[in-house]
C-alpha cells in the first residue's frame, strides 16, 4: 500500500475549512434531552464464561428512543474499591461478541464496559442489539452509513451517538465503577463514536480514538474508494439530487464538529497508508482538539495502524491519568 | 463462466425434498388479512416526463403495515377501453427510477404498474420507498436478506410480498385497467416476488418470472458465493447458532412453497451459467408448478439470461393470453 | 470510485493544446465523397416485435465502401405528419439488438433511427453488421480501437464515422421523417460518433453526446487503465516504434478536432468519477464547441453518468428545439 | 491452482464422442487447392540482428488468399549440407517478434522457420502480418476466435491453418533445408496449428504440439472460464441463437478431427492444472492419434506445462528421428 | 464461500490411506535426542506491559540446534499454588507479538506459555526468533513451507516441532506451573504443531487443535489454491522432478502420522467452508486419533471456524480436565 | 497501466538526495576480502543438452562464505581464440534453469556465464543454489528482501553481491574466455546486481542493467504497492520500530550508492509504466553514473520494458565495445 494522502509534514498542520451547523449544539442538546426522557434502566447480570480471574456482566441499558442496548462489563475480580472504567465503542460491522473478546482493560486493572452497536454485528463479530428507526427512514445503500441520511433527525448515527452517551451514564452507574473516572475509547467507527461522546460528555477522563471514522465525510468520499465511506459514494451515485442534503445531514455527525468541544486529554493513532480512514481526515479532527493531546503515527500501516502494538501505548497513557495508576 | 450446477437433463426433472411449514397457508392468510385492515388508498397522479405517446402516473398505495408504497403506472395514450395490465417487481437493489425506465409493456399496448421495493433503490436505480419494521428486527448483514430473519413475523420479505399483493389490488383499481386481466412479472428478486404473489393471488392472468431469486435458499447458500445469497452465508458465518432458525423462517418465503399454489399460466427463463440464482434453484421451483408453464433456457448466459432477447418472448406469451391480443 | 482527474473548476476551463492535421477537412471531404459514390440504397422493412403502439422497421443502408449497414427505425404509430428524428449511435461493444431495446424517443413522439456499429455487437448486445476492411489492415490488439490504426486511410473509425454520416442521410430519407429535423445522439462511443457526425453534417438540429469516447486520445492513454482506451496502451506496449504514427492517425478521429466544426446546439453529460472516458477528455471537447451548448455534470458517477436520470433531460432539451415540441 | 479436470488415470483413456463433418476431407482439399492456385512466392532475405553464429532470414510467402505471410528462418552458420528444419507456430496473441526470440532449434543444429500468425502480435510479441477476410465476416467478440465463425468458409482458422500448410511448403523450398526432413511444432495455439498441419501434410517428419489449443471446443467452453476459449462463451452469451452454427463450424477446425489423419510420430505435453487448455481436451486429441506418440505430463503445472524444462525433451525426441542426429 | 469439499456425513467417517515411513518413530527419537543434547536453559524474565492483574514473563529457551526461542509466559497474579498451563503455538506468518495479545488463558486462571515460531512474525504479528538452518537448505518458494523440504533432516518443521516439544519442557520448568498439568493448543499452523507435539509428548494433559494445518499434504495440494498449501504447489510447479521427494519428506511431518500416537483427550474445531485447511484434511487427522476426542463443526465458516465463539468451548473443555477446575 | 510516476522531462534530470554511509567503501572492501579468503575453486564441467552449435558447461564456484554457487557457461562451439564474455544475473524469484534458457549471447558469438541467485529459483525458473546465512538472520517477510535486513552484515544481498563479484572472477578464469573483456548484465534484480558488481569491479568492459531493482529503496516503498518492494512495506508494517534500521542497512545495498563508483560504459533501459521498479528509481541511479552511458526509454511499457526488442539493442551496444566486434 503506497502513500496516497498528504505528506506527514502537511498533515501535522492540516486545517481544512469546516462547516458547522448553527444549531449544532441545540440539535444535540435536544437529542439527549429526548433520550433522557426514558429511564436509563441499566442492568448488570453476572455471567460465567470461564474467566475466573474477572467479574463478567451482561449489560442492558436504554439508549436512543428508550430502546434496549446490550453490552458487557468486565472488571478485575479482586479490585479494592471502585475502579476507573473504560467505555469502548466498536468498529464498523462488528458486535459485542462474547466477554472473552474483551480482556485488555480488565487485565490492566480497570473496569471495562463494551457497548454493542445497534443493528451491527453480522459481518465480523456477533451483535445482539437491533436498530429500530422510530422517526422514519429512507431507501438505503447496504450497510448503515445511509440509514435515514436525508435528515439529521432520522440519521442512524443520531441514535448511535446517543447510545454512546447513555453507555457512559450506564458505566457511571455500574457496580464497582468510580463514576468520576470514566474514559472513552474505540477504533475506526469506535473512534468516531469516541470523539462524538467526548464532545457531548465533556467531563470524561480521557478519550482514545484510534484511526477514527466519521470525520470530514466529504473529503473522504472524494479520495477513497474503500468501505464504508464508499457507501456514501454509492448512495450519491444513485441519489444524484441528494448531494447537498446528505452533507448537510452529515455536518451534525462529523468528528470535526465534535473536536472543538472536547475537554479531556486525548490519545489518537493513525496509519499513513490507511485507505479506510485516510490520514488527512484523522488529522483534520485531531488538529481541532483544543486541549491536551498526542497522536501515534504508524507510517507503513493501513487501517490496522498500531493494532496490538498500540495497546501498551494506551495502557501507559491511561496509567498517567490522575487516579488511574494503582 | 463455466457450467457449475447440474446438467440440463437433470435440471429438467430436478425435484428436491421441500419442507413446507404446516401453517404456511395460515401465516399468509393472517398476514394479508392484517394488511388489508388498512385501506388500500391507491392514488394515481398524472405526471409529465416527456413521454407524449403514453399516459404516465405517479402511484402511491398502502402496503404492509399501511405504509405508503410508490410506483409508476404507464399506459398507451390512446387506448380504446380498459387495458390488460402487467404488474412488475424489481430486481435486488434497484428502485422504481423514472417512468422513462419502463416503456416496454405500454409500447406493446398494455398498462404497466411498477412497484418500488421498500428500502431498496440505492444501489443501481433510485427507489423512493423506505422500509419500516414495526414488528421488530435483529442485527443484520448489510443488505436486505437478513432483516428480521430470526422470525417469520419480522422478516423483510413478509412486508415485500404483502406489498406485492397490494400492488395487484392497486393495479386492478387503476384508471384504464381491466381488473380481470392483470399479470405479474419480474426478474431475479422481481421473479421471486412474482412467484409469491402468483401463489397468493391465484386469479392473476399469468406470471412471468425471469431467473427468480428467493428459491431453495439452503441449497443456494451451499453452492454459490455470489450476492445476494451470500448475505445468508455471511450472516450465518457470524450467527453460528442461528442456522436452523434462519432456514425455518425462510421456509415461509421460499418460491418452492409458493409454486404449488400457482394456478395461472407461467413463462420462466433461466441461465445455465447463472451463479446469482443457480439454475437448479430455478428449476426446483419451476418443476413444482402444477399448471400450464414454459421455460426458456439460455445456455451460455449468467444471471442476465435472455435480457433483451427475452422481451419479445414475453410479449408473444402475453399476446396469446385470452383477451390480451389486440 | 474516488476523484482521479482534474477538479471541476479546472475542468470548466480546461483547454489543452490540440494538434489538428492540416488536411483534416480534405481528408473527410474525400472520405465522404468516396462513400457517396455508392448509392445510399436505404431500405425500411416493417417488422413485428409486438410493439403495437409503434411502427418498427428493419433498416439497411450502404455505408463506407458501399457495405450494408443495419439499423432499426421506430416511430409513433399514429403520428400526424412527418416527425423529427433522433439518430442514435451505440456504445462500444454493443450492437443494435432488437427494436424492444429502443423505446425512448418513439415514446416521446419522435422517430428514432439506431445504427448498428460495424463489427461490434458480440460483447453486450447483439450486432448484425460485419466490418470489412477493403483498404488494408494491420495486426491488432483485441477489440476495434487498433484496427487499421497505422494509417488514417485504413483506420476503423474512418469507416464508422462515414457510416454515421450515411445514417443521417438514411434517416432523412425515411418514411414519416421530416428531413430538416434530425438530431444525433449517443453515449460513450456513441457520443464520440455523435460529435464526429455533427462536425461533418453541420445542419443537424442538435447533438446529444453523453460521456463521449474518442476524445483526446493521448491524454486518455496516459491517465486511465480502463478499457477501451487501454487497447491503445496495449498496442503501443508491443508496437513500441509506432507511438507517433498512432497518434498521427488518431488526430483525424479526435473529437477535439470535430468540435470546432459543430454548429448545432449541444447537450453533453459527464461523470466526474468516470475512468472509462475521463472527465478532462470530455471537457476538452466540450470547451471547444463554438455554439450553444450545455453540460450536465454528475459528480459521484462513473461512466454511467446520469443513465436513466439523464433521459428526461434529453427529452426536455429536444422539446425546446424549434419544431420539436408537439 | 487445484486439479479441476478429470484424474490422470481417466485422462489416459479418455475418448469422448466426436462429430466429424462428412465433408471434412473435401473441405480441406478444396481449401488447400484454392490456396495453391496462388504461387507460393517464398522469399528469404538475409538480415543482421547481431547473431553472428547463425544465418538469419526475413521470410515472406503467400498463404491463404495469396496474402503475404511473414516469418523468420534461422539456421547454423556453418552447417554442412542441407539441415532438417522445424516449422514453428506461435501461441495466441503473439507474433513473430525478432530473430533473437528464436534461438533454440538453430542452436541445436537445425533450421528453424517461424510463421507469423495473421492478425495477431499486438498482445505480447509483435506480429507483422495483417489478417484480411476476403470471404466475409460477422460481428465478433474481441480477439480472433469468433472471426467469421458463422460459416466454415469464413472462419479465421481456415486462413491460419492454410498459412501453416504453406509455411511447411516454404520451409521445404528454403536455402539449406532438406525438404524431406521437416517437422512441425508449437505450443498452445501453436500446438493446435501443429496438429492441423500434421493432419493435412501427412509426410512431415514429426509433430511436437505442447498443450494444444483448438481441441474439443464444446467441452472447453463448458468447463473453463479462461481466455481464449472464453471468447466462444462470450460470443454465444450474446448470439444465443448461434450455438449449433458455431459448433458446426468449429468441427472443421477441431484437433480431434485432425488427429486420426496424422501419420508422423508425435511428442505432446500437458499440464494437469491447465485451465487455458484443459488436460481432458488435450488427451482427447492425443488419444485419437493412430501412430507413434508420447506425452509428457506435468502434474503441478498450468498452461506453462513444462516450459523450459520441456525444451531438452523436444531436442532429444528430434535427435532420435531418422536423419535428425548429427 | 460455497461448500467445496466432501459432505459432512462423509467427513465424519473419512479415512484415507496414509503412508507412514517405516522409521517415523526413530526419526523423531533421534531428532529429539539430538536437541536435548543442548541444555534447555529456560529463562523467565518478568516484564511490565501494564497488565496489573497478571504476571508477565519474557521467555527464552533453547530449541532445535540449541538455538534461542522466544516466548511469553502469563499467569494470574494471585494464583494460590502451581497452576495448570496451556502451551500455545501460533498460526502461519505470525509471531509472539506482545503479552497484551495473550490474555485468554491467564484470565481463565491458568498459566499460558506462547511460543514464537522461528523465522515467522513479519506478516501479521511480530516475531522475535530467527530461523537458522544449520543442516543445509534448498532453494525455496517464498514462505516457510519449502525450506529444506528436499530431505526430512533439513525440513523447516523438523526444527519447529522440536521447538514445540522443548516449549512444553520449558513450561514444565516455569515458575508457578504444575508440570503434571500442561496442555497444548493452537490454531491452523498452531494446530498442526499441537498435534505433532501431542504425538511426541504423550503425557500432555490435553490438546486443542483448531483447524489444523500440516495434515494430508498431498490431498491439500490437489484440492485448494489457498496459501500456504499453495507454496507446495508453487514449488512443485518449478521443481517438477521433486514431487516424490517432497511428499516423502512431508510424510515425517504429517498430522495423520502423529495422530495415532496421541494419548491425551482432544478438542478439535473445523470450518466446512475452510479453503486454507480443507475440512477433509482436518477430519482425516481427527478420525485417526485413538482416544477421547470431540470436534466442533462450524458449517458456514471458513478458516476462522469458531474464532471468538470457540474460546468458551475451549475453556469449558479445559475446566473438565482432572485438576483443571478451580 | 497509466503513468503514475514523474514525467519524462523531470526524470531526465531527477537527482534526489542520497545518503551514503561513511564506511560504504570499507564495508565492501572487508566483505570482498573476507570472501576471497576462500579459494574461488571455479569448475566447468561440460554437459550435453542437445545444443550442438554451442559448448555448454555446468559451473560451480565459491561465493560468499565459500559456499558453492551454480551457473552455466555457454560459448560458440567453433570460436577462434578467447571470446569476450557476458556475466548475467537473474531477475527476482528465478534460477539458472537449463542451458537451453540462455542462448542469446552465445548465438551472438560471445561466451556467457549465468549465475544462479542463492536461495531463489522456486517461483518461475528452477534454481540449484541454496542460501545459507552463517552470520545470523532475523524473522522475515516471505521472500528474500528482508532476510537479515536488520544489520548490513547479515543482509541477504551482501551475500548475493559478493557472489556476483566472484562470478566475474569465475568468468575470467573460464576456458575460452578473454579475462580482459567481461561485461555484466541483467534485468530487474539482475540489473541491481549488475550495478553493484560494476561498482565493485570497476574494470569490467561494460554494464547493461535493464529496469534495475534495488535502487532508492525508500522512495520505492512509498510509491508502489508492487512486489518485491512490497516486501519492505510488509515487513515495516509489522516491525514498526525498525524503519530507520532497515533503511540504514539498505543504504549499503542501494544502486544509488554504487552508481558513482562505476567506470565502465553503460546501457540502461526503463519502462515509464513500470510499477515494479518505478522509473524515478531507475533514473535516480542512472543520473548518478559519472561515465559514458545511454538509456532506452519504453514509454508504454511496464516492467517488461523493451523485452525482446531490447535484445538487439544490447547486442549492438556490445559490438561497439573495443575488441567485442568480430
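Note that the chains take the letters A, B, C, D, E and F in the order they are written out, and that residue 1 is the start of every chain.
In this text, a residue touches a chain if its C-beta (ideal position, glycine included) is under 8 Å from a C-beta of that chain, and two chains touch if they have at least 3 such contacts.
Model, not experiment: these values are computed from the prediction.
Using the average of C-alpha coordinates as each chain's centre, E ends up farthest from subunit C.
The rotation that brings the Cα trace of subunit B onto that of subunit F spans 180°, given to the nearest 5. Here the spacing of subunit D and subunit F, counted between their Cα centres, is 37 Å.
If you average the Cα atoms of subunit B and of subunit D, the two centres end up 51 Å apart.
Looking at subunit B, residues 125-126, 309 sit in touch with two or more other chains.
Every pair of chains that touch is listed here: A-B, A-C, A-E, A-F, B-C, B-D, B-E, C-D, C-F, D-E, D-F, E-F. Of all residues in subunit C, only 93, 95, 119-133, 136-144, 146, 234-235, 238-239 touch subunit D in the complex they form. Across the interface of their complex, subunit F is touched by residues 49-54, 76, 78, 97-98, 100-101, 103-104, 106-109, 125-126, 308-309, 311-312, 315-316, 319, 326 of subunit D. Against subunit E, in their complex, subunit D makes its touches with residues 1-3, 273, 298-302, 304, 306, 309.
In the complex of the two chains, the subunit D residues touching subunit B come out as 221-225, 233, 236-237, 240, 243.
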